[in-house]
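Here chain A shows up in two complexes: once beside chain B, once beside chain C.
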Partner chain A sequence: MSVGIGLLTDVLLSGTVLMLGLWVILTADRLRAAIGFLIYGLLVALVWVRLGAPDVALTEAAIGGGMIGLLVLGASTRLPPEPPRSPGAPARPRRWILHVIAAALSATVALGLALVVLGLPEPAPSLAAAVAAELPATALENPVTGVLMAFRAVDTLFETVVLVLALIAFWSLIPDAGWSRRPDWLPLPHPPPALVLLARILLPIGVLVALHLFWIGASLPGGKFQAGALLAALWALVMVAGLARPIAATERLVRVLAVLGPLVFFVIGLGGLWLAGDFLAYPEGLEKPLIIIIEVVLMLSVAVMLGLILAGLPSADTAVRAPKARPGTEGQP
Partner chain B sequence: MSAGLMDWAGLMWMLMRALMQALVGWSDALLVALLVLPVLAMLLGFALGGRAAERIALWTLPLGLAVALAIGALVLHQGMPLEYAMGGWAPPLGVALRVDGLSAALLLTTALVITGVGLYARADFATPSGVAETRASLAFWTLLLGLWAALNAVFIGRDLFNLYVAIELLTFTAVPLVCLKGSPENLQAALRYLLFALLGSVLYLLGVALLYGAYGTLDIAQLAAAVRGSAEPAALVAVVLMTAGLLAKTALVPLHLWLPPAHAGAPAAASAVLSALVVKGSFYLIFKLWLDLLPPQYGQQIAQGLGALGALAILFGGVLAIRQTRLKMLIAYSTLAQLGYLFLVFPLVLSPVTLLAATGEGTPPAWTGGVLQLVSHAFAKASMFMGAGLIAIAMGHDRIGELGGLVRVLPVTLTAFALAGLSLMGLPPSGGFAAKWLLLRAGLETGQWWWMLVILGGGVLTGTYLYRVLAVAGFSGGESAPRPLQPVARSRELIVLGLALVSLLLGLLPLSSFEVLKIGREGDETAAVEALTQPAITGAVWP
Partner chain C sequence: MSALANLFTVILVSLGLLFFLAGLVGLLRFPDPLSRLHALTKADVLGLGLVVIGLLPQVAWPFAALKLVALWVLVVIGGSIAGQLVAAIELGAADASADGNVDGKADRNRHGPEEDAP
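Moving on, here comes the complex of A and B:
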């Protein structure tokens, strides 16, 4: 019976994901597509749950759905409204050809992939057994955390460096005249009292949830990236509600916090070169405390960097800052 | 007198020996330093900001160059590749790094070009006095360091996912360099570049996932052995997907649309690293996929396709370069064409004739030619873009038709431009000549005359577009000698000249010296050591 229900769930879920994906692509309204994309991310997270990958599901929900969804939503509200297409004008026929070609290419890739994936060896060769065998040496219980913090720690380290560079790249778009100004995308000119109240109530609860997510990461699905993303979202909410002002790029404190995670990771990794014989190896007996230190600072850095990106950019001229198009939409979801 | 000289020589020799002995003990730390040094400098520069970022970057240049030199010396001294397993976890569970002869050469090229670019860029990206920090200088210095770390990671990586992180790092440093000036055109070019690069990342990652699903490892050497053992169709599909993605990042025709506006619109120092190094990073991965990961017989059909796209790039890029009216656009289209030569390596190396002849004989000439093309183009193109930057400063514009009399304003820069041009055209004595000559010879030996026609035709096109510039800038000037709009520091001209000279001098090296590139090519170390003792490559192809 449970197989039947599982199958029904899977069919319903994959059908909904496909339909929603198609709808997001085809829908003309930017804001609707953005909200659709947010929901799409959450549904894809459910697909990962069904595939037995709760770690991926949490990350997809926090980063793929939540974070990116928020960014897309923010971008869609900030773009100038599209000019309405006049009914008489031809609807740019060359675009259609491009769309058809793109769709055909995507379909080919998807079909080809499906064929190849179905032809993969069964059971799939995997390192899961090797990870399980070596996991005790890392003093961790969650194999995913073992891979991220021990076996492939270098990739985790460099991913956080990529995040620092993404922040630099984002800030390099600040107009020269606005370099030392605070970003002004998020704060609502007149935040409704309900929103302010919501922010006040959600903040402590959210922080607790984030800390819980972080702490269980050592043994269960969860961890620093998901917790960091949640903290960043809370910070964004607080900024929208006007409870905290966004921070300017020239502020050294946030920059130090942003690089603290990778920096501490590097220092501990280099310490391993002398104390444990290898770069990014942990001295015996100190694995757990060192990994927890790294994860705490990484969570902090991830939260700060994602929050700074969510906060947006300052405009060159304070006069340009105008609370015009579609007030209130930022807080809507 | 001569006895004293002998003593000195002996002393120096002993010193060198002692130094090498010391280096051997530090080889792990040196390998780690390739990644750690630029990243730490980037993080500190970003946190401290302002002038500190520039100062830290400038201090990192000699240190990074020293690390690259030491690594190169070690590989040469030991005659075998350096390997290191991160955290002590060996593949497939862990991630390993490896520096063979080719990686060492590319690391050194990267270090030299970035040092040149860094010194050149001091004048453009200094924080002006009276200001605590400017956006462009903070971004430039931190991104330059990040880009260096990314390239090092690409050249020493041997784990496909680790390499994915490396090319992501490369993308996220390269794209913002395109729009440092911040004009709408720059932003548009950067956005287009970003979209192409992200498409490339997705396709690459898809391939990585497929390979892991089929073989349960991501280490290139282990994958190569596994594919040789059992050839799953997934392997070929994965490599084709990854190649398609990497081609978008390398800007091979027809995925080139992003390159000319991006490379031409960036500040000169940024254009130099983008054109000289960044596109080579993704090419290097294609190179590894087809020549190291897949067994050679897999790739023969597709190699012809890659070669055809390369030929198209050579001809198309050349013709479009001739039609440009702006100097920087011309140089950008020239990059498009020169990248095409790199892809001729695939049909020439993977040809049945080469494979038959090369068993046990080390690397075929087309392989060496490709590497030489990559390296000499890096130096020549960095020199050209930075020279174009100086020209734009002195003349106030870069319209080719109005460069008359430039020879009297910036004689050193124009000389450098001409010397770098020799390498692009493939005229002796230059690195580009040696490269194209090796490719031509490989075409002859494998009976693929059509690629020879392309190489020769490409040389004519290159000559034509360079002549257009040199004819205007070098010979016509009119009566009144133009005066520079803004003075150009002689030291900057000398950096431009220095890089051009390196690309020229590569052609004067005896071919036997390229044997070092072979270190670590044969899989086992003994073969590489034996290869070192063999005579020049010239005699090594036909048994």
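Moving on, here comes the complex of A and C:
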């Protein structure tokens, strides 16, 4: 009975995910496609829950669906409106070729993945037993956090470095004239009172939930990335509602916070070389406090970097933003 | 006792799902956005509320139960405010109602943004 219901849920869920994915690709309207992508992220998170991977589900919901969905949504509203069909007629054949190539490449990837997964021996090779055996040495209870912070810490370190590089690449798109100006994509000129109320209510609750997610990461699904993404989303909401102004790229504080996480992680890793005999090895007895320090600064860095990317870029034209010229200099620490 | 709790859960969750079904039918069948919103908010508030109440006997008291209730409260807040925003856009009243107090808010925003940064 329960197996039947589980199978029914899985079939419905995977069918919906496939159809929604197809719809997002085929729909002509950008805004609808972006909203569909947001929902797609939530459904994929549910798929991960059904697969018994709540850590991945949380990350997918927060980053894969939420964060990327917001960026896609922002991009879709900022692109110039699509030209009507008729004058675009000569350009269409080339687009069709691109579509066919993209479809062929995607199908190849999907087929290759399917072959690899279906070709795995039964039972699939796994390091889960080794992780479970060594987990007590990390003083953590959540095996996923153990893998992220101890056994494969070097991966986590470079993931956060990639985020710094992404922020630098994003900032390199700022027009020269707008360098010290605040980003102006998010704030609404006249935020509706209901939205301001929502931001006021959700901010304290959201911060509490983020800290909870962060803290239970040691023993249950959760952790710094999910908490950081949640904090960034709250920051974006507060900026949209006009309760906080976006921060210019020249602010020293956000720059320091952005690199602090990877830097502290790297320094502690180097310390391991000297104190524990290997890069990113934690000295005996100090595992837990060191991991907590790393996770706190990484959470702050992730939140700041994602928030800065969500805030968008300052515009270049001084005419529109004349009253706000050079507001970035007033708050210099 | 356990059978009674299960019966309670089945009845209330089914009732809640009925509201979701009604909300879905309304979303698909009602002619204009405001009516559709009206149908959707019933699913949010009543449907999810009944599902949550129905699940209460099945979870550990107090923390898991309070979490469920907190989820419902958050969905009600988020859903009703999102409905409000959609309705305001639909009525074209977003600007008109915001114009009245936008100046006071803009002034309050002048002092530093750093304190709100996570």
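Just so we're on the same page, the second predicted complex is superposed on the first by the 292 of 333 C-alpha atoms of A that agree within 3 Å, B and C clash if a C-alpha of one lies under 4 Å from a C-alpha of the other, contacts with A are read in each partner's own complex, and residues count from 1 in each chain.
Keep in mind that, in the parts below, contacts are C-beta pairs under 8 Å (C-beta built on N, C-alpha and C of every residue); 3 or more make two chains touch, one makes a residue touch a chain.
Here the structure is a predicted model, which is why all the values come from computation and not from measurement.
Asks: For A:247, decide between first (touching chain B), second (touching chain C), both and neither.
Replies: Touch status of A:247: second partner only.
Asks: Compare chain B and chain C by how many residues of chain A each one touches, and report the one with more.
Replies: B
Asks: Quick check for you: in the superposed arrangement, does A:280 touch first (chain B), second (chain C), both or neither?
Replies: A:280: touches chain B, not chain C.
Asks: With the two structures laid over each other on chain A, which partner does A:124 touch: chain B (first), chain C (second), both, or neither?
Replies: A:124: touches chain B, not chain C.
Asks: Check whether A:195 is in contact with chain B, with chain C, with both or with neither, and answer first, second, both or neither.
Replies: Second partner only, chain C.
Asks: According to the stated criteria, A:224 is in contact with first (chain B), second (chain C), both, or neither; which is it?
Replies: Neither: A:224 stays clear of chain B and chain C.
Asks: Is there a shared patch on chain A that both chain B and chain C touch, and which residues make it up?
Replies: The overlap between the chain B and chain C interfaces on chain A is empty, containing no residue.
Asks: For a test of understanding, state which residues of chain A touch chain C in their complex under the given definition.
Replies: 189-198, 201-203, 205, 207, 210, 231-232, 234-235, 238, 242-247, 253-254, 257, 300, 303-304, 307, 331
Asks: In the complex, go through chain C and note every residue touching chain A.
Replies: The contact residues of chain C facing chain A are 74, 77-78, 81, 84-85, 88, 94-95, 97-99, 101-102, 105-106, 109, 112-118.
Asks: Please give the residue numbers of chain A that touch chain B in the complex, ascending.
Replies: Touch list, chain A to chain B: 109, 112-113, 116-117, 119-121, 124-127, 130-131, 134, 150-155, 158-159, 161-162, 164-166, 168-169, 171-176, 179, 249-250, 252, 255-256, 258-259, 262-263, 266, 269-270, 272-273, 276-281.
Asks: State the interface residues of chain B toward chain A in the complex, per the touch definition above.
Replies: Touching chain A from chain B are residues 28-29, 32, 35-36, 39-40, 42-44, 46-49, 84-89, 92-95, 132-136, 138-139, 142-143, 146, 149, 153, 161-162, 165-166, 168-169, 172-173, 175-176, 179-180, 182, 187, 206, 210, 213-217, 232-234, 237-238, 241.
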